[in-house]
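Here it is, the structure in full.
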Amino acid sequence: MLNIGIIGYGYWGPNLVRNFAQINGVRIAAVCDQRPERRALAAQLYPTIQTYAQAEDLLADATLHAVAIATTVNAHFPLALQALLAGKHVFVEKPFTATVAEGERLVAEAARRGLTLMVGHTFIYTSAVRKIKELLANGTLGSLYYYDSVRVNLGLFQQDINVLWDLAVHDLAIMDYLIGQMPTLVAATGMAHVPGRPENMAYLTCFFADHIMAHFHVNWMAPVKIRRTLIGGSEKMIVYDDIEMSEKIKVYDKGIIVSEAEDAIYQRHVGYRTGDMWAPRLDNIEALKIETEHFTTCIQNGQTPLSDGQAGLRVVRILEAATRSLANQGQPVAL
Amino acid sequence: MLNIGIIGYGYWGPNLVRNFAQINGVRIAAVCDQRPERRALAAQLYPTIQTYAQAEDLLADATLHAVAIATTVNAHFPLALQALLAGKHVFVEKPFTATVAEGERLVAEAARRGLTLMVGHTFIYTSAVRKIKELLANGTLGSLYYYDSVRVNLGLFQQDINVLWDLAVHDLAIMDYLIGQMPTLVAATGMAHVPGRPENMAYLTCFFADHIMAHFHVNWMAPVKIRRTLIGGSEKMIVYDDIEMSEKIKVYDKGIIVSEAEDAIYQRHVGYRTGDMWAPRLDNIEALKIETEHFTTCIQNGQTPLSDGQAGLRVVRILEAATRSLANQGQPVAL
Amino acid sequence: MLNIGIIGYGYWGPNLVRNFAQINGVRIAAVCDQRPERRALAAQLYPTIQTYAQAEDLLADATLHAVAIATTVNAHFPLALQALLAGKHVFVEKPFTATVAEGERLVAEAARRGLTLMVGHTFIYTSAVRKIKELLANGTLGSLYYYDSVRVNLGLFQQDINVLWDLAVHDLAIMDYLIGQMPTLVAATGMAHVPGRPENMAYLTCFFADHIMAHFHVNWMAPVKIRRTLIGGSEKMIVYDDIEMSEKIKVYDKGIIVSEAEDAIYQRHVGYRTGDMWAPRLDNIEALKIETEHFTTCIQNGQTPLSDGQAGLRVVRILEAATRSLANQGQPVAL
Amino acid sequence: MLNIGIIGYGYWGPNLVRNFAQINGVRIAAVCDQRPERRALAAQLYPTIQTYAQAEDLLADATLHAVAIATTVNAHFPLALQALLAGKHVFVEKPFTATVAEGERLVAEAARRGLTLMVGHTFIYTSAVRKIKELLANGTLGSLYYYDSVRVNLGLFQQDINVLWDLAVHDLAIMDYLIGQMPTLVAATGMAHVPGRPENMAYLTCFFADHIMAHFHVNWMAPVKIRRTLIGGSEKMIVYDDIEMSEKIKVYDKGIIVSEAEDAIYQRHVGYRTGDMWAPRLDNIEALKIETEHFTTCIQNGQTPLSDGQAGLRVVRILEAATRSLANQGQPVAL
């Protein structure tokens, strides 16, 4: 039996608890939250678990083999470090840490102790993203040209982190998983419209080797909710719309054909072909179910998680550079 | 009777001819195109007009009071200049000119001679854009926060100009009309995926005074056609979707309320209100009809066109700076 | 404290339990289901409740003041009757009963004993339907002309009831609430494509006095899910799309104007006006929460539920007549 | 050279003229319209054609080999008959005739004289409908189960014909082409909301042999424009949305599987499978171009048109029966 403790029982924590609770061989042993009403809620639904007001007390609980951390970003590092030092496997929500230095420290500590360290990059466990990965991996898309994502809505303004850390983190995790290489340069622009608050809208460009580029538009102050990614390849292109219920992924058999005309250099033609569209069936398994099971399996088998500390660190590295560029009105920052 | 000659009878020229031909007091007197089959086509539909193979010959036609130029961008300047020098009023398609210097020369020449110089910024004559202008002008939107536009599709790759000059020109013309001030800084990123061709996808940020920002995404290589602009204001926000047939403009009564909590600095709240949506009725008058009539009226009354040479020049100024930034991976360029 | 017992813990029962459990002054005292695994599930989540395998045993439980019945339709009548005879208030899922005779018996019994009898017409408690009711009641729509609903998807084929009893029941309950009068005549057509099964697709027309008509299209075998209702009035029209997340209700300021031309009877003109569209804000309260609270309130105050036995009976009356028409290829049946 | 005369130069006539004019070997020789301003318009665009105020005069023109009739329905029969009696091939707009008797007379007359008689069932010449026909013919859909069409909008109220004759005629023509057999029974309901006018909304069910059914919803008084057809087959289902620009046809790999469980009659299972969606590429050829060329080819080769008089007659037969049913509130009418 694997005993897990959850730190943070706010918006997301209950989802972790619900999913971990359904895994065979896993027991939710403890929940920690500073707010008494949140602890009461947990106790009511799961009468057998131990609740703690202080994370220190939970981390001192010797019966726990692993902890899942679902707090604000700033608390990720101290809590995860303490947990690792206490010999516990750690699952931490995204963004992994608030700085690259913190992330490096955690990755090193987990490696030193042989503990599983996993980041909650939930989107890479969705059917949609796994299907896109498959289409990229098996060559269906051809050479990748670009990745373009829009994630906007009238959302909750965060006080401590800008919109890139809050929203783009999802898309950067997806991009990291799909492209499988780090950008070489980033450039970001954005603006804060509420005095004293971090940027509420931002645009981020990532340049890669091989003429690949990625772009992210995130906005807390949009009139409508948009979650749409365009992925362009030399053979096919994808529209991935996460709001669309029945056809989240559409694969377009469209591409350009560059035909070299006989009379040469000034007469190059770019022909077009337009073909069918195809929306593959996706399974309905909840991503969080796959993710929590994956964490459990990795602990049990000593396997490296798909979204391990390194993955979390890569995303934080991009966010940190992007925030620097953002402060300089798009000045590019090399990685 | 105002005699007009049209130079360039390719894709767009016929639309100009069709619209000018329907205006009372206007006569399409001449059409010029180097391709015999295009001249034949014009002659068949309008048996009474004079056709020319050389622009010089048309411009030498003393019976013409005005010319409309619908050629490739590079030819705009020499033709428009010649026309002005010949004392003719000039209507020129967008982008106005290929460089700022050219644009300045034309504006000066037209001013010196008291001739009407108008640029074909057609979108500002649409019902949708005029309605948005009205909502901005009458304070409905509150303070403007941002302008965000996406114009992508699987389009015709241009040989001579990059995608900003081809697609963003439309949105920059709209933005110039709506915002009514010049950006102070631009930053653009993009990429060319066809060797030897200009950039086929680009992202452009414009910074303005007063915490206003604008962003443009243009792409010739997208799987689907998107023409969507989000406009955020302090009171209301607009979604303007040019592909939507019946509800091109949606006005959302959504906004953020920043409420200063009593116990102060750490407790700032950003409240939300979400209200109704409203899609105002738009009239169905063809923008090109309004535009061509406006040119005619301006000539007759000595009025300055809404999209005069200055407007064309402002857009070219942004495009020129953006292209410079584009070549430097987003390095911001002050205007 | 009001003690409630739930009979049937399959697909829908858990939702009733979850909602009743959150009402102050209400206690879920017992759950009954014949399947041991369903009883185990209930016991695990709610360790303090009593579980029963036989409905008779639950109904004999003298501590219960009310029961909620969420079984197959055929069991509604015997269970509800037994409950009423045992002096308990009754909440029964839709369709109310399998026949008009059964429904009449229950209504009479509840009236005789002064017990609350309520039917789970959940949709009339949604924000969307309540808003439409308001727009009808305050005259915004003008005179009602028609109600047209489509409810189709690739759904679960029922063995015992046809698609009208399974799907149209929702729309008939909405219609009954909105129109507030009974149709005078119904005509239904449909077909069964699986041998030995009831009709899997059906079309139902209801004629009312005052030139109002309603139509329902229900289908278990459609490729896509559609939940769309058009409501036409003399002043405005509504599109109510239950799948649409942010704009479930759109109110169109469109109508026809019949203008009597001077030269009379052969020259009548029907003019058109087309105006704005408006999507009112809807609150997000779960309909089932409102519904379960309403049942509780009605018991406590002796109030008549909005969806009382009479409402359930009216819908069953239409379904019974429609099924008769269906068997005769659309032969109209008077009510 | 085939000389064609067009009778009726209102809304649709100009489209016929424009298309016939572009066919090699065809000459628009004459146009007839009672309204002087319509004749003037035709003369201005096509200076060489002869215009007539009276159809009699055009039909007496011995140089004409064929006539196309685009008048109100009531004039179709007398004009077409006169044209056939004058030995001319006839193209007549839909609905073919106002009664079955008229249609039979025309079909017989054309046959007797060996003249081509074609009805303007334009939709069957669209890429979308031709593609659906192909998918039905090659077995992709499996056995056909149903055809369900919605064609509603805020349209022009007709004075002389009800909404079935105006709108359902399009869908009946498509259905006739796709299904290739006549219904055995029809049932229609509807209502007139403008006093003294024909029905402005109607629902029509057609029953066929082999458990196929079709249903049509037409409405002149809907707030939005919907043009959507669902086609259900045993293997696949189609959504054909004529308003959708880029994906008019979507083919769903969804179906039901009836699996006979071993323990028999009470335990039948209806399983489900849900698969991919596929939107085939459609060509962009204008249907009216194909249709007018087809008429010309049929005349020249003595071929029978796809939409010949018999096809027109079948649709009129259904409309006539449906109108009878409509008058009797859905009373089914055998064909």
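Which chain is which? They are A, B, C and D, in the order written, and residues in each are numbered from 1.
Note that a contact is a pair of C-beta atoms (placed from the backbone, for glycine too) under 8 Å apart; a residue touches a chain by one contact, two chains touch by 3 or more.
Owing to the predicted nature of the structure, the values given are computational and were not obtained by experimental measurement.
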item	value
Neighbouring chains common to subunit A and subunit B, by label	C, D
Most distant chain from subunit B, judged by the mean position of its C-alpha atoms	C
Selected from A-C, C-D or B-D, interface repeating A-B by over half of its contact pairs	C-D
Length of the line joining the C-alpha centres of subunit C and subunit D, rounded to whole Å	39
Centre-of-Cα separation between subunit D and subunit A, whole angstrom	53
Junction residues of subunit C, two or more chains touched	224, 246, 274
For the subunit A and subunit B complex, residues of the former touching the latter	145-146, 148, 150, 152, 154, 156-157, 159, 185, 187, 189-197, 201, 203, 205, 207, 211, 213, 215, 217, 219, 221-224, 230, 232, 237-239, 250, 252, 254, 256, 258, 268, 270, 272, 274, 325, 328-332
Partner subunit C, residues of subunit B touching it in the complex	246-247, 253, 274-281
Touching residues on subunit C, where the partner in the complex is subunit A	45, 47, 224-225, 243, 245-246
